[in-house]
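One chain, chain A, links the two complexes that follow: it is found with chain B in the first and with chain C in the second.
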Partner chain A sequence: MLQLSPLEIKKNRTFIKVWTITFLIVFPLLIVLGLLMRLNQGEEINLGMDKFYVLMTLHGLGMAGLLFSTSFAALWYLIGTRHVKLNLGIGYLVYFLILIGVIGLAYATLLGKFGAGWYLLYPLPFKNAIWPAWSTGLSIVSLIILGVAWLLGMLHVLYVLAKEYGGLTNLLGWQYLGKKEVKKELPPIVMITTISLIPGVIAYLAGAVFLVMFLMQFFEPTLTFNMLLMKNLIFFFGHTLVNITLYCCLGWVYALLPEYTGRKWVTNKVLVYAWNATFFFIIFAYFHHLYMDFAQPLGLQYAGQLASYFSAVPATAVSMFGVITQVYHSKIKWGIVPLSFLIGVGGWAVGGFAAVIDATISVNLVFHNTMWVPGHFHTYMLGGVVLFIFGFFFYLSHTREEQEKDISGKAGFWLFVLGAHCFIATFYTGGVNSIPRRYADYKGIPIESTHLIGAFLARLAAICIIIVIIGFLIMTFAILVKLIRKRVAITEPVQNS
Partner chain B sequence: MPSKTIHIIFITVISGLAWVISFPLNEWFSDTMPRHQLLQLPAMLLLGILAGLRYSRLIPIRFPWDVALLIFIMASLVFWMLPRSIDTAVIHPAFNRLMHVTMLAAGFLTITVLRQTIFEIRIAFMAMVSVMVFVTGMTLVTFNILLCSSFNIDQQKETGLRLLITGMFFAAGTLFTFFSGLGKKT
Partner chain C sequence: MIQPASLLTIQSTSAIISFLGGALVVLVIAYLMGTSHIEEDSTSAKHKVYRLRGKYFFVLVFCAVVCLFLTLRLLPYTKFQGEPKQTVSVVAIQWDWKMKSGTFDKSPEEFVKDTAAKKEITLPANQKVRFIVTSNDVNHDFAIYNTKGVLVAQTQAMPTYKNELEYEFPEAGDYHILCLEYCGLMHSIMVGTIHVN
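Right, the complex of A and B next:
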């Protein structure tokens, strides 16, 4: 266990507090954008197409970026207070670069009306765009800044861990596969961090390529790049980023859940095989985003389906089984932290399963452009990642006793879970009723029943979002009160029995 | 041999090579785009790197100057890849020599900074340079309009293709440096 001075602990806590407060401010704002979108689809307000797509772009880019950044920051805090000393100077540099990137994106979308979606569907931003060219340029530069920030952060964590644990192979847990005795135990959080961040670094390279290509075209609009190549690069970057967000969260579930169950959760051969397999499959799973692209070689489509199936099995199955063995007959006290983790894992499992269904080529042909797709990613993001993040925030702000007795926090939590899953259900119901996704509204659909069901589900979703916001605000209040008023020494984990 | 003599010989050789590339061979290098962009420019960069390998330790560079210098190097590379810069360099030898001096400085500073900066910034810089070279190559291959009036479209595409391949090698080198950096034990 890492020994830190009180001053170092304080500095680390200040760093994570900054991230916590940033999340608690930005997240509800981004939810409100989603609410406005659903109200527009429900024909309760009239945003107009241009504003709808502006909101959709900021909501998508903002949520993906915020959730990854926060899950990475939490991972940073747990690793930096338990396993290796991380450079907080780099931590703050990353934070401020992200802030600059987010401000740039907000400016480009809200004021510049940039509305090409998170995927910046090429060549959309450059062909007959209804927004000014500068907003496209600003969005690209902002995304490059965000990418550089994440890259620096990821490289720093990986480098420091590699130095501490004796190289990359040890970080991947390969020492457990041999017959030799393992000299230094590898905590699962460290292995999962490595397996999450290395694909992140590689995906960032792909992201940088397409962003610089976008920048080139911004300066020279007559340029035309290969659209299929662009789409491959964009989705490799985007899919991997979202995937590793989940894995970062799982890292701290592996680290924190044993403190509540009192059971060890250590690295072993099964865990190493499972996560190393994930490491490989995560790189190729993104092909399932391109099933609709007839020009994509058929072999890659099959590879996408297989990689999606295989990537889901090892980490998911092993982690689910691990969580069950952790909590089964463990006499765990169901405070808000283990509850968040357990229900978050549930959200991850359901969303992941829905994703695997959608990654099946024959199913995707039907579901691809329906509400099923936002349904599945909202399940593992809102019903998974966000709950993991809240679990971590409660862990950070509350003592063990407060976690168990905080009635308001629990009330907010259950309200949030209820609202979130009802909200998600409107997406799935929309999916099975062929309600198209990415439509600003359904007025133009000639099939009247589709129009009516789509608008009705959107109104229902808006009500659910309001419940989510109320739950969120209650939890935020509970966290902020504890976080600001007193200092809780949480950095020392309870030793496993 | 005394070290002072070695220094004099080294500097003379580097300066001599720079002079040969910049003056007697300038016309030959400016004849085609691949020669200008893929031979003359990298040659000057390489000479700068060689000088850097020998003398970089004499100049201590600490954060945030390392970041500032890397931005300067990046900006220099971008500037000398702009079509207008290339055209002007081919038309005006004096401007071309300015490019040579910049590339020598960039090469020298690259090795000086990369040796002293932290791992994270080193990898981020290498990644961005490889991406930049790759995308420039991709642009030149894709673009069907002549960008530099001093050359022709075939030369432009040939330069693009070779830059594309160079970018891939750079990316492979970045990944190699990244993984070998992680592989080093304490």
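Right, the complex of A and C next:
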């Protein structure tokens, strides 16, 4: 167990408080952007196409960035207070770089009208754009700053962990596969962090490559790059970012859930095999984004479906069954923290299942870029990641007793879950009805049923988002009251027998 | 009026399977929460769950292999396509479709200026048609919606690449082409029509 001085503990608490408050301010703002988009699609307001795509771009980039940053910050805090000392100076540098990047993106979108979508699919930002060129340039530079920040943070964590545990192979748990006795036990959170962050580093390097190519194109418009290569780079970066966000969250589920069940959750051979397999699935699953690019080599299309299908094996048979092993007949008290983790794992399961269905090439033929896709990743994010984050925030701000007795927090939680899953259901229903995604509205579709169903579902979704916001505000109030008035609950893991 | 044959589309089948999967997840969570007041020794509880996990593992791998075997034979790619009776060249351009019978005889830049290439085309029913799809500017997606508004096939329209999509229209009527890749301001009104007779 890591020994920290009172001053170090205080500094770590302040750091995670900054992140918690940042999340609680920015997240509802980004939800409101989503609400405006759905109201526009429901023909309740008239934003105009240009503003819709600006909001879509900011919502997508903002949510992906915020959720990853918060998940990573929570991992940083738990690792930095339990296993190795991390440099908080670097932590704050990462935070401020992210802040600069976010301000740049907000400026480029809200004032510069940049609306190329989160993925800036090449060559869209450079062809017949209705926004000024400077906003494209500012977006690219802002994304580069964000990438540098995240890379710096991830590399620092990996470096310090590798030093502590004797190299990357030990961090991957390979010492458990040999016959020699394991000298230093590897906590699951450390292995999961490693397996999330290494693909993260690779993905950000890919991101850096395409952003530098974008920058070259920005300064020299006559340049052209291979479209398929750019698509591969973009989706590898984007898919991996979203994927490892969830795996970062699982790191703290593995670390914190045993404190509530009183059962150990330790690294063993099965866990090592499962998570090392996950490493490869994270890398190769992104090919399923390119199924409809028929020019993509056939072998890569097969790889996409195989990796997507078999990623379900370690995810369900090891991690989800691990959660079941933890809580089954454990006499656990369902305070809001384990509740958030269990329901979050449920969201992960449903979102993952929907993803596997869509990752079947012959199904993707009729689901690609329909509402089914945002259905799947909103289940993952809103029904999974955000619940894990709230669980972590309640863990920080509430004592065990308060977690169990906080009626208003739990009411907010259930309201949030209800609103979120009804909201998500509107996406899936849209996908089943062939409603296209990324449409400002459905007025231009000549098929009446598609237009009417799309608009109706959007109105329904808007109502659900309002329920989500109410649930969010109740939980936020419960967290902030405790967080500001009292200490942040630290981190002493319960030593289970 | 919905035809009985259209009830079991890929979309509705996926919806049913997903609903069942979601219901199973809810049941498992409800069971775990409902029985968690019981206290059992962790070793004994672990053995019970691990026995179930062993069976689950084999069922999951078996299902994955069967699904892969069945679905990987139904791919939309050129290698898996038959001989078409007709070929149609398609060029996407912000924010319009240009379609013409026959294979490409000119570059996409010249093709979009060809007055014979239009956003509407007439094709026969019950014959395999191969669409050769490309783009003159950014990425688009050539998506075919049938007469009932169901998405039946699609492929990306990429600059500098030609994607070949095969489809046999099963019935007469107006099919619509929507763009399913975000391509800028007017993305949602980029529409074409295929009259099938």
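Methods note: the second predicted complex is superposed on the first by the 493 of 497 C-alpha atoms of A that agree within 3 Å, B and C clash if a C-alpha of one lies under 4 Å from a C-alpha of the other, contacts with A are read in each partner's own complex, and residues count from 1 in each chain.
Going forward, contacts are C-beta pairs under 8 Å (C-beta built on N, C-alpha and C of every residue); 3 or more make two chains touch, one makes a residue touch a chain.
Quick caveat, the model's predicted, so the values are computed rather than measured.
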| query | Just chain B (first), just chain C (second), both, or neither: which does A:Ile9 touch? | reply | neither
| task | Name the contact category of A:Tyr442: first (chain B only), second (chain C only), both, or neither. | result | second
| query | Between chain B (first) and chain C (second), which, if any, makes contact with A:Glu164: first, second, both or neither? | reply | first
| message | According to the stated criteria, A:Phe225 is in contact with first (chain B), second (chain C), both, or neither; which is it? | response | first
| message | By the touch definition at the top of the document, which applies to A:Ile470: first (chain B), second (chain C), both, or neither? | response | neither
| said: In the superposed model, which partner reaches more residues of chain A, chain B or chain C? | reply: C
| message | Under the stated touch criterion, which partner chain does A:Val266 make contact with: chain B (first), chain C (second), both, or neither? | response | neither
| task | State whether A:Ala277 touches chain B only (first), chain C only (second), both chains, or neither. | result | neither
| request: List the residues of chain A that touch chain B in one complex and chain C in the other. | output: 226
| Residues of chain B touching chain A in the complex | 119-121, 123-124, 127-128, 130-132, 134-136, 138-139, 142-143, 145, 171, 174-175, 178-179, 181-186
| query | Considering the complex alone, what residue numbers of chain A touch chain C? | reply | 49-50, 53, 115, 117, 121-124, 127-130, 226-228, 231, 262-264, 292-295, 298, 301-302, 305-306, 309-310, 312-313, 316-317, 321, 324-325, 327-332, 334, 342-343, 346, 349-350, 353-354, 357-358, 360-363, 365-370, 372, 428, 431-434, 436-450
| note | Per the touch rule, the chain C residues reaching chain A in their complex are 9-12, 14-15, 17-18, 21-22, 25-26, 28-29, 32-33, 35-40, 42, 45-46, 48-50, 52-53, 56-57, 60-61, 64, 67-68, 71-72, 74-79, 94, 137-139, 141, 143, 145, 148-156, 158-165, 176, 178, 180-189, 191, 193
| note | As the complex stands, chain A meets chain B at residues 90, 148, 151-152, 155-156, 158-159, 162-164, 166-169, 171, 201-202, 204-205, 208-209, 212-213, 216, 220, 222-226
